[in-house]
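Below, chain A partners chain B and then partners chain C, in two separate complexes.
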Partner chain A sequence: MNELNTLIFTATPLVFAVVGETISEKAGVINLSMEGSLMLSAMAGFVIAFETNSLLLGFLAGAIVGMLVALLIAFSSIRLKLNQVAVGFVLFQLCVDLSTFLGNGHVRIAGPTVQAWSIPLLKDIPVIGPIFFEQNLLVYVSYLLVFGAWWYMFRTRPGLGLQGVGERPEAAHSRGIQVNRLRYIYTGLGGALIGIGGASYSLSVKIGWSFQHTRNLGWIALAIVIFGGWQPIRAAMGAYLFAGLLTAAQLLQEPLPDLAQVLPTIPFPLMILTLVVIYSDWLRRLTDRFPTLRAVFAGEPPTAIGTVFETD
Partner chain B sequence: MSLELRDIHKHFGPVRANDGINLTVEAGTMHGLLGENGAGKSTLMKVLSGFHAPDSGEIILDGKHIRASSPQDAIGHGIGMLHQDPLVFLPFSVIDNFLLQSPGGLRLDRRSARREFEEVCERFQFSLDPSASTRSLTVGERQQLEIARLLWLGARVLILDEPTTGISAPQRVKLFATLRALAEEGMSVIFVSHKLEEVEELCQRVTVMRQGKVVGHAEMPTPASQLVEMMFGAPVEVEAAQPIELGDPLLRVKDLSVEERLLSIEALSLDVRGGEVIGLAGLGGSGQNTFMRAVAGLVSPAGGEITLDGKQIAGLPYRDLLDVGIQYLPAGRLEEGLVQGLSITEHFVLSDPDTPFFVDWDAAAEHAARAVTANFIKGRADSNAEELSGGNMQRLLLAMLRPGLRLLMMEHPTRGLDIESANWVWSQLLSRREDGTAIIFASVDLDELLRYSNRILVFFSGRVISEVNASDTDVEELGFLIGGKVREQQ
Partner chain C sequence: MSWMRPLGRVLIPIVGAMAFAILLLLLAGANPFEALGLLVEGSVGSAANLSDTLTAWVTMVLAAAGLVVTFRAGLWNIGVEGQVIAGSIAAAFAARTIEGPVAVMIILTMLAGLIGGGLWGLLAGTLRVYGKVNEIFGGLGLTFVATSLTTYLIIGPWKKAGVASTGGTDPFPRDSWLPTIGTLRVSIVAVIVAALAVVAVYFMMRGTRFGLRLKAVGQNLRSAVLFGIPNKRYLLLAFIIGGALAGLAGTIRVTGFHHKLVPTPSGAHGYLGILIVLLAGFQAKWIAPIAFFFAAIAVGASQLPLQMEVDSSLGGILRGVLVLFVLLFGGWQARRAGARLVADAAPPVVPATPGGEG
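Our next item is the complex of A and B:
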């Protein structure tokens, strides 16, 4: 029980990041800098929170860093017509180096932490309460974010527009959607969520800052977005699954030292397997026959992802 | 709604797509906009619908100047456009396509939208399932979805850009009936086409464009020859295919069966002789293309025999079949036939089986430039494939065919082409018969099938339901063979 509580807790930064990236990619912009922007925002979040002694300012700093990096990618794609993958990759490297350079003075020191806070009444629900509702505020916000993002995307009018922009921008344009404006907005929003994810790592999960503090978290998050089929709830499940495998690895360290080495690598072949299933004829036939299953299994990438849209 | 366009200019780079266009459309009429490929018709309509912003010019709707600088403005003024390739979102459900960017509150109310969608569909007898995936719809059904959506949004001027490209004959009949009903309700319909017979059938007035300019207006009926002369600047004559002596038996298909996801072909047999032209008729997706792909080696047959000159070829890969003289040109000229981002020169280098390891680019460029001139391709050797118009893509594809072909198969050889380009394509094809090349082609254009085929096979649901000699039948009978079966099935 305690382990499941920890699992939810440790997965939370990843949940913010995958939902943020999902929103950005749904709008057609792939933010490949995530490994770097997560790290830089984790550093910025901790340093600012430490210096100002304000957690709120720390998270704000993380969000701003994440948003700026994302907007840089959006700008270079929309305005400068550069390749999103190339720009994202360069920014990843730049952000990683910047985080080392700027965070140098704050390595391995204690700082402010998000305090645990259980939700009254809900925490008393048997089984569920201790797992989900004896956490901190950040975790509760992540629950709301996942369901909110899902609801917005699939149940609201602007959410449908968001999907359209990443799917077929010229068709969205012909219906009167301002494609590039929305791409700026959603990429910036997604980047801010990635930044909050970074800050929540250094202010809640693994407190403080050290050299490449969030190493590999961003790459994993990118894979989980694909695993999640560009749907927030499934992406969050992917984040929990990954955290679960990591927790299992830690638990098995003692009884089975050999197997424990392998477990943390499982998410990666699992992503590949998921992609194989998503694109299989078998699944396509199944969803042809039972259209309701499409909502669960469909995992098509937004068609126009990574492309530039021009009206003339 | 009466509509007036005044002095519209629009250029793309050095190309003046619209060069001072004036056009008036009366309320409650169907107005035809005629012109050959690349005359600037689509650009003008995209300007009117706010998709492209014009460089200069005025749009006057019911006596009022309007600004249609974005599609949103145009829709707000009641101008709706159905694009040539319906701009729908393929992975989404039909109802989501219907709702995307519709006015309303934050929450999507799919249930009440469904009711309204079904009401609009019922009015025009469209049968569309709101929860179906849009990808599963035919092009004609995607058009119906878009028309239903535009009318629901309150369009009073409806623009249709080449709407009959890629839809079946019964769907076309239904589309035309819908348009007539709309015009009677007082809507203005602008019908953009390069097909004279359709404009003659539908429109009261016609405007003809050529090279970005309006060359004239006409009240219908106007003799076709006069309109053709306006379109091309000179009269164009359609040559009948000269019959030629058929050669020896060339291709023999026996009991061919192919299984695909949505369709299977069963027990199909066909013998083709050298120089023979076989037309494949039927509703889109009835097995014509699957059959050709199986013969071309792009789909492996589940059973049966295919022999060419007595040699067994069933199941051989496309590359081997190219070497024995079979070639296939798909309908997706840019998607499947050409490579986006490669120039005409690079296409010739790529398609030539004898290109050495080190490419002599100077010689290749010269060769390409000669081919561009010889095949009247509007473009340069260094133009990229995607810059070419549909007609010029087809010219390029024909120019790249290997010499001495035994069998050429084509899907919709003249789809989307104007009369002049279509004539040229067929003159090229027919001249290949002299060398004993057999031609198999699929088309939805009944005139084309009748004019050029020796025999016509009518496909329905993966089977050949009848085989007729082109000289023994006519448009009515063929239309009945294709459409009559449909009525029987329903």
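Our next item is the complex of A and C:
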């Protein structure tokens, strides 16, 4: 019980990040800088919150850092026609180094923390209450974000527009949707969420700052987005699954130290397996025979991901 | 003059990146000119420092040379880091299990590294060609698999005699260390191997039937099919060659630098290779000088009067800003020229969608 509560708690930064990246990729922009922008925003979030003694400003700083990095990728793709992967990759390395350099003065010091706050009434629900509702505000926001993002994407008109921008930009354009403008907006928004994810790591889960504080978290988030089939709820489930793996690794540290070391990298083979299964003829035959299964396995990437859209 | 344009394209971003670095140094409270002096002194100022720079140069050059092959085939081989690590593991295996005179061990460990890296590349290639898994995601995933395999070997089957430690395995037998002269750390053998590799890649891409066909595959998959070039085989071959060269870099990291298997044997030199190739506009001829510059920054930065992680991060920032500025400036120039793409600076046209080639 206690473990499940911790699991939800520790997965929260990842949840923000995977939803942010999902939104960005849905709009057709892959933010490959995530490993770096998550780290830089974790640093910025902690340093600003420490210096101003304001958690809110810390999260704002994280969001701004994440958004600026994401907008730079969008700009270089949309205006300069550069490859998103190239720019994202360079920004990954740059942000990691910037976080080390700029965060140097704030290594391993205590700072402000998001306080736990249980939701009255809801926390008294048997079983569910202690797991989901004895957390902090950040965790509750992440629940709303996951369901909100899902609702927006799949149940609203602008959400359909978002999918159109990433799937068939030409068709979206001919229906009067401003493709590139929406790409800026959604990539920026996605980046801001990644930034909030970074800040929530250093202000709520593993409090403070140290060199490479969020090491590998961004790559894991990138893998989980794929594992989640570009769908917010499934991506969030992937984040919880990963937190579960970490918990299992901790429990196995004593009896099976070798396995415990290897367990946290499981998302990567899982990601590869997911991609192999998605594209396999075997799955195509299966879903052709049982169309209802399509909803379960649907998980192809947005068609226009990584491409440049030109109006002329 | 054909070299003027790329020079100008690089010079302006270099000035921009330097300005940025100076700003950061001022922020850190260091005297920028003193720091620059220390950087030069620390990287090429003495025989020992130059030898350290060359040691770093060797692995960067090898990884980058392999990347030219994959990039020119239109592949974003971000998994190069894992291929370097796989080469390190294979070379460590050879060094730990085989006994022989130095000359034999040099050949065998390098062969092992070539095979290890090549197989790891082939794995990403197979996933891409037969599983339609985009090489970016496949490569990243395989890198982490290689990393955890390394950790597993170090704390498991290959653990240090006595107590397992994440510091690495026991040192290899002396005969499998790359030979060095005097107290200098650089091995002439390694430098020669790296130089040969970059020259070989240059001529392969330029003058051979294989290289030209590979470029055709990279530029346009569909028309390559029309010309009867067997796409799949060329893509797989590119992965094998790229991976093998990365694996050779991995070999030299463990036999010429660490002398044992450590948790991150690559030292991120695979990732640095990507930056080098991006900066080189995917051309083999620019690799050696750019890699030297990168190696000099990496080694020289460690002489700065800053804490350990901070100094190397400063070098990293300088490299990152430089590559970013070159890319952005190149894109901006192309836009101004009204051209959609600058032919020689543009990334190869690759489908960023997993399995985009269908």
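The rule is simple: the second predicted complex is superposed on the first by the 308 of 312 C-alpha atoms of A that agree within 3 Å, B and C clash if a C-alpha of one lies under 4 Å from a C-alpha of the other, contacts with A are read in each partner's own complex, and residues count from 1 in each chain.
Keep in mind that, in the parts below, contacts are C-beta pairs under 8 Å (C-beta built on N, C-alpha and C of every residue); 3 or more make two chains touch, one makes a residue touch a chain.
Given the structure is predicted, the values throughout are model-derived calculations rather than measurements.
Engineer: Using the touch definition from the top, say if A:T303 reaches chain B (first), chain C (second), both or neither.
Structural biologist: Both partners, chain B and chain C.
Engineer: Once the shared chain is lined up, is A:D97 touching chain B (first), chain C (second), both, or neither of them?
Structural biologist: Once the two structures are laid over each other on A, A:D97 reaches chain C alone.
Engineer: Check whether A:F147 is in contact with chain B, with chain C, with both or with neither, and answer first, second, both or neither.
Structural biologist: neither
Engineer: Looking at the overlay, does A:G176 come into contact with chain B only (first), chain C only (second), both, or neither?
Structural biologist: First partner only, chain B.
Engineer: If you tally the residues of chain A touched by each partner, is the higher count for chain B or for chain C?
Structural biologist: Between chain B and chain C, C touches the greater number of residues in chain A.
Engineer: With both complexes overlaid on chain A, does A:R285 touch chain B (first), chain C (second), both or neither?
Structural biologist: A:R285 sits against chain B, while chain C stays out of touch.
Engineer: Would you check which partner chain A:G164 touches, where first means chain B only, second means chain C only, and both and neither mean what they say?
Structural biologist: Touch status of A:G164: first partner only.
Engineer: Is A:L275 touching the first partner chain B, the second partner chain C, both, or neither of them?
Structural biologist: In the superposed model, A:L275 contacts chain C only, not chain B.
Engineer: What residues on chain A does chain C touch that chain B touches too?
Structural biologist: Common to the two interfaces on chain A: residues 303.
Engineer: Contact residues on chain C for chain A in the complex?
Structural biologist: Residue positions touching the partner: 24, 28, 76, 78, 127, 131-134, 136-138, 140-142, 144-145, 147-148, 151-152, 155-156, 271, 274-275, 278, 307, 309-310, 313-314, 316-317, 319-321, 323-324, 327-328, 330-332, 334-335, 340-341, 347, 350-355.
Engineer: Touching chain B in the complex: which residues of chain A?
Structural biologist: 155-161, 163-164, 167-168, 170-178, 281, 284-285, 288, 291, 294, 298, 300, 303, 311-312
Engineer: Going by the contact rule at the top, pick out the chain B residues touching chain A in the complex.
Structural biologist: 12, 49-53, 70-73, 75, 81, 83, 87-92, 96, 99-102, 104-108, 131-133, 136, 261
Engineer: For chain A, which residues are in contact with chain C within the complex?
Structural biologist: Result: residues 30, 32, 76, 79-87, 89-91, 93-94, 96-98, 100-101, 104, 211, 216, 219, 222-223, 226, 257-258, 261-262, 264-265, 268-269, 271-272, 275-276, 279-280, 301, 303-307 of chain A touch chain C.
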